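See below for the structure under consideration.
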Amino acid sequence: MKDIQSMPDHRNIKIDKVGIKNLKLPVVVQDQRNETQTTVADVNFYVDLPHQFKGTHMSRFVEILNDYRDKAIDICRIEEILQTARKKLKAEKAHLELTFPYFIEKKAPVSGALGLIDYNCTISAALNGNDKVDLLLTVRVPVTSVCPCSKEISKYGAHNQRSLVTLTVRYNEFIWLEELIRVVEEEGSCEVFSLLKREDEKYVTETAYENPVFVEDIVRGVTEKLSRDHRIDWFTIESENLESIHNHNAYALIERNLKADRVKSDSKKTSRAEKASQSKP
Amino acid sequence: MKDIQSMPDHRNIKIDKVGIKNLKLPVVVQDQRNETQTTVADVNFYVDLPHQFKGTHMSRFVEILNDYRDKAIDICRIEEILQTARKKLKAEKAHLELTFPYFIEKKAPVSGALGLIDYNCTISAALNGNDKVDLLLTVRVPVTSVCPCSKEISKYGAHNQRSLVTLTVRYNEFIWLEELIRVVEEEGSCEVFSLLKREDEKYVTETAYENPVFVEDIVRGVTEKLSRDHRIDWFTIESENLESIHNHNAYALIERNLKADRVKSDSKKTSRAEKASQSKP
Amino acid sequence: MKDIQSMPDHRNIKIDKVGIKNLKLPVVVQDQRNETQTTVADVNFYVDLPHQFKGTHMSRFVEILNDYRDKAIDICRIEEILQTARKKLKAEKAHLELTFPYFIEKKAPVSGALGLIDYNCTISAALNGNDKVDLLLTVRVPVTSVCPCSKEISKYGAHNQRSLVTLTVRYNEFIWLEELIRVVEEEGSCEVFSLLKREDEKYVTETAYENPVFVEDIVRGVTEKLSRDHRIDWFTIESENLESIHNHNAYALIERNLKADRVKSDSKKTSRAEKASQSKP
Amino acid sequence: MKDIQSMPDHRNIKIDKVGIKNLKLPVVVQDQRNETQTTVADVNFYVDLPHQFKGTHMSRFVEILNDYRDKAIDICRIEEILQTARKKLKAEKAHLELTFPYFIEKKAPVSGALGLIDYNCTISAALNGNDKVDLLLTVRVPVTSVCPCSKEISKYGAHNQRSLVTLTVRYNEFIWLEELIRVVEEEGSCEVFSLLKREDEKYVTETAYENPVFVEDIVRGVTEKLSRDHRIDWFTIESENLESIHNHNAYALIERNLKADRVKSDSKKTSRAEKASQSKP
């Protein structure tokens, strides 16, 4: 049978990403408390395509995933999977994106009652021509937010709502999903729980009321903390408040290239030091 | 060319609904303040198919809609469209469902500032063998809900959130979308607005705090009012609260067949009256 | 602390369903090949509320699910969960709906290459006043459909597309998800796979071309088969074709109450038998 | 009343984007055939926030949109709206994103029967510190794609499906939505229609079969054409095929910075010309 995909293409146009989208697969994720957790991921898997080939071989993406599936895809082997994709598909670059619900068991703040909360997370891994894998982690974290303006101007009460906070980081050293989720939860008016007994509901209501935050405060609070974390090279933090008094949402976004900032700050220090040493007689 | 669809089918199985789904079209809706409003609808359009035919003619559904489109489909002509469908497609039954954002201009409660709010609405019309069209109206109404339990047990504050309330009614006499929306908005802790100046935000916060409602209260409040409206034969009312303290929602539903209830209550009265008259000497 | 929910409500309105929606939880499902399969479910959990109570206790729904979660909710214990809900929430009725991706490993038709396919499934269980649980199973099955009309009238080729077929059954005896999925897959022009090598793609293309089906044929084919299955009391079968030549979908639906049909048919037989015996001298 | 938002923030962190999301509004769009078209948009509207302010004034975003709404927001006034936002919100940058269904009336290829097709489009406009507005247009275009491999290896037939092609361009000179849509439609195996009579369906089936394209061909074809259009400075073109033989999609993406390419190519020409002139005696 003819291999149409391997035939030449004369338009001389390379393709940045080509592959498969929205394949569902079971995956195994590293879990800080329980070592591993099995969940279900939406998978996108791409390579680049040199200008001379007519098409990629779509079946090979599924084949590679199947070769690495022993019941479920182990996220620890993501770099291996990308290396295999690059080789089998004769590509320079390979990307794998996995989006999945991640469960954490939480204790209610007063009663200690246990309940699971799910966080929608994404791991996006890329090999870009060299041999070092580029990793992005995304956590989507629901929190409560009480409006500081509403609290200040009202005789009693304050409008509040569920906020969905999305943090994406590029990192140079292993970070637990739990750590990223924690950073975000500390910046809401209060974190959310799946199970709250009456005494817990009282605690959550009062705690949130004592800690009013704008959508702006949430993204600034996370920025302040992440800026001090040397493991993180770059991040975006977004908060979207499902405003209880509107039918639209409030939104804020901060993006920071910490790696570039560090380089700049280092070179400033160096140049100051140089100047200092030059000025010495 | 052969008309495959008109060929006989020997399985002897009639089809309840067959047609097209998710066609987008501009529509004109009756507007209580401005006479009409043009918006964009998702359209589902079905007929039944007798057991002897292999298939329906899908293109005729689009053709009929085009014939009735003079820039936009006029919702006033919905019965005519159904009659045409029944005739052209040789069917007994015809259904047309239109789902669209409907805009209402609202005044902020204190400043009077104007803003548009959209309500996702559905008109579902059916001709079922006889000549009377069966009409269902659905309005999806966002409101604020303050939790009565959280307010009662907390020293200050009370968790609140956006709730999405869905009301579907079968009616025997014309009802404005605005009327149905109003019924629902009165049962939230406070209605929502797109534009609120500071004085309005104070008003909305305090009003909501003074009127805490559970998801149960919202559906009961609407039920109480609709039960007295003779234009309504049947309804379902659902409320879904996007809980600000959880990552899941609270939900309540009531369904009532008012027409059947009226018949029952009438027959009771009649039988009592009969007994009364019989007992007369 | 005051128990607001247990306070009386004077509107005298009972609520049909009240509870929680869109809670995510790991679940264990029975798997025909591997005994069990762990996946992730969206959970809706409701009871009814008598007219005299102001509110239900939302936290108890989550508490019950947690009590039955040993890593994951076992779907075998669904009846037990409903009984517990009824008792703990002092309700007459209880409903639990679980929607989850279900994975089946399939062999490609020629090469035998293995690949996982996910089917979005729902188990909906209800206790309605008596002690027998009412169970509904839903499977959503993608298939290929080749248009018979397009094939007949065209010199070559035929438009085809992915169809999403949704089957919901009420059953009186255990049925595997795999059995329901199989019934649907046999009625498409060809079933779909995640991994197809070139020889498989040839097979799937040709098989589909040899078996053109309208959206009507898919629902009739399934109806024909299910009508002979005594385990099934009621079903709806829907097919939605993502038409490759349109931006809208083709759709068909059949609903059958087989249990009622059986009763009718039995009573006819009986009455014929009676007449026959009566006519005997 | 205190203006909490205007209070100082001491964290010294500027915010890249802050504003409102998912507000629905009627909009008026320029239409090549009918001058204008009224439709309904999802609106996102942001500014940046200097580090010294605690919060932005969310109500002003809605207020500005209302000031520019005379029944509907006119997309021609987008730059004015951004200037106003920058002024009223004391910001350096302002972004407005409008996503809406856009309708085009098409003639079926043989019968000439008329039907409307909707294309989901986005206009994203930004003022970034200077006075020139940066404009991005996105069109999402459904087409048919016939698989070249399936056609080549099969005795008859070929799998095909609906593809969703997304083109985003940054442009320096006015372009009609219709032009961008046209560019994409020419690269599918055939364009799609809402209304096709039997003779049209024959035409579309045969045309598509004669023009098989991979997902790679679609993005390359568009790239080839856009590379020659001097009005376009940058673009991304994505195609996602809803594979009829799989439950996942095939995907390809190309991104090109044509402006940068032109600068590079100009400087090459210049340097060659310089060398040439230098080498002259």
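By written order: A, B, C and D. Residues from 1 in each chain.
In the analysis below, a residue touches a chain if its C-beta (ideal position, glycine included) is under 8 Å from a C-beta of that chain, and two chains touch if they have at least 3 such contacts.
In this text the structure is predicted, and so the values were computed from the model without any measurement.
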Legend entry - chain D and chain A - chains in contact with each: B, C
Legend entry - Of all other chains, the one whose Cα centre sits farthest from chain D: C
Inset, instruction - With contacts defined as at the top, give the pair, A-B or B-D, that has more of them. - result: A-B
Legend entry - Centroid spacing, where centroids are CA-atom means, of chain A and chain B in whole angstrom: 39
Inset, instruction - Averaged over CA atoms, how far is the centre of chain B from the centre of chain C? Could you give it in whole Å? - result: 26
Inset, instruction - Would you mind pulling out the distance in Å between where the CA atoms of chain B average out and where those of chain D do? - result: 34
Inset, instruction - Scan chain D for residues touching two or more other chains and write them down. - result: 1, 23-24, 62, 118, 149, 153, 194, 196, 198, 201-202, 247-248
Legend entry - chain C residues within the chain B interface of the complex: 1-2, 4-5, 9, 11, 13, 15-24, 44, 46, 49, 54-56, 58, 62, 148-149, 152-153, 214-217, 219-221, 223-224, 240, 247-255
Legend entry - Residues of chain A that touch chain B when the two form their complex: 117-118, 142, 144-147, 149-151, 153-162, 190, 192-194, 196, 198, 201-202, 204-206, 208-209, 242-248
Legend entry - Footprint of chain A on chain C - complex, ascending: 1, 3, 23-26, 38-40, 59, 62-63, 66, 69, 101, 103, 113-116, 118, 194-199, 202
